[in-house]
Amino acid sequence: MAEGRTGTLTVLYFAWLRERTGLAEEQVSPPASVTTVGGLIDWLAARDAGHAAAFAHQAAVRCAVNQDFADAATPVRPGDEVAFFPPVTGG
Amino acid sequence: MAEGRTGTLTVLYFAWLRERTGLAEEQVSPPASVTTVGGLIDWLAARDAGHAAAFAHQAAVRCAVNQDFADAATPVRPGDEVAFFPPVTGG
Amino acid sequence: MARVAVQEADFASGEEIAALIRGRTDIGGIGCFIGTVRETAAGRRLVAMTLEHYPAMTARALQAIAAEAETRWHLLGCTVIHRVGRLLPGENIVLVAAAAAHRQAALEATGFLIDWLKTRAPFWKKEHFLQGGDAWVAARSEDEAAASRWQTGGAIP
Amino acid sequence: MARVAVQEADFASGEEIAALIRGRTDIGGIGCFIGTVRETAAGRRLVAMTLEHYPAMTARALQAIAAEAETRWHLLGCTVIHRVGRLLPGENIVLVAAAAAHRQAALEATGFLIDWLKTRAPFWKKEHFLQGGDAWVAARSEDEAAASRWQTGGAIP
């Protein structure tokens, strides 16, 4: 289905979110009701134990949509690249 | 006289004080009444036109006695090295 | 335009500083900060540290941070280099440098660059302990506080 | 013990920074400031600058400034190098560097070193103008104000 294909998002995980999900990257097709980062997190966390563990403490999770910092209210659209990671610790 | 010899001070001039006095260094033997930097300045300024020009604006003159910053009230004693210079401008 | 690099290889601090000055006579001062790997973290000895990053975002984030510094302090040159991969104690992690007509701008911009980089560039450190095991470094509230000093725009105290 | 030098020759910034870190694993950051000769001073073009100093006092003054920084910020290394003699536009004048366990100490100490050096070390600059003539640089009240920030001891804002 065209709708199914355009509904695909790329999701990236870094640091301990990568370790808990066991994934560096995945392509996902959430239902049309998922329209924000917050909705995407809820949907991802329900997928399996690894995702649930990664998102268990949402206060410790940061996000970027298309390489810009985002928050739970940020819209997500088909084709977006959504990244989840802990607070940054470089420098 | 022993007193004359022990009464000798080394006076150094830097930057425009050196240029105005025409001297980088001189040995001077002020009278015993000269006991402070302020007294020494007054005595030096009376020596000739160059010294008078160097000390004409005392607010712009800084001083060190034996390589430590000093002021008009700092005592000077025979054998001391007294340096006069403008405010520093290094760095 | 700032020089920004993310690389596994070490950098040469002197070469980076020299490149900012070379051929120019309008620079009065260059501020620089170099971060290095400490062997001890919260009392535990490290054998190494791994720096992970988000490649598609990192270069953009560093460019944005450098551009902000260039604008705020009218910089005449700006360099940000961050290493990734496995680093040993004593090794370089990061270099930031800012060239300006006057020292206050150069030094303030240097502080800004490293404070913002620490809170806005997508790097994550993992520490590998001598006694075995490893752990992701937790973000420090002091770093957030340091970065928040620069929020109001313009120069600071 | 700080490395302090007064010299006519140029210095190698990278070598000085590397010397602070070499063989050590307790340093988390190095702050550095390098001052260079600007070609323009108050709208007039320079052909050169001459740095005069008071040799018997300079080394002592720089050691005292460095020792103060080492004590206040628990530095793990400190370098102060100041050139004297005739310098051309674009040339290095001064390098100060401070190594510490954490970046805030390294950067604050770097600012302190250059601020105090500018007001407490016996150097005097003379500018030689392209149009002919020369003039001693006047001390800047901003430099006094910058140095006075550090008077109260301890760390600053």
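By written order: A, B, C and D. Residues from 1 in each chain.
One rule holds in what follows: a residue touches a chain if its C-beta (ideal position, glycine included) is under 8 Å from a C-beta of that chain, and two chains touch if they have at least 3 such contacts.
Everything numeric here is computed off the predicted structure, so don't read it as measured data.
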Chain hops separating chain C from chain B, counting only touching neighbours: 2
Required minimum of steps from chain A to chain D, each step between chains that touch: 2
Geometric centre distance via CA averages, chain D-chain C, whole Å: 22
Chain A and chain B, separation of their C-alpha mean positions in angstrom: 75
Distance between the centres, which are taken as Cα means, of chain C and chain A, whole angstrom: 27
Junction residues of chain A - those touching two or more other chains: 91
For chain C, residues that touch 2 or more chains besides their own: 35, 103, 114
Touching pairs among all chains present in the structure: A-C, B-D, C-D
Touching residues on chain D, where the partner in the complex is chain C: 12-15, 17-18, 21, 23-40, 89-90, 92, 101, 103-104, 106-107, 110-111, 114, 146, 156-157
Complex interface listing, chain C residues touching chain A: 35, 51-54, 56-57, 60-61, 82, 93-94, 114, 117-126, 136-140, 143
Complex contact set, residues of chain B against chain D: 12, 14-16, 64, 67, 69, 81, 83, 85-91
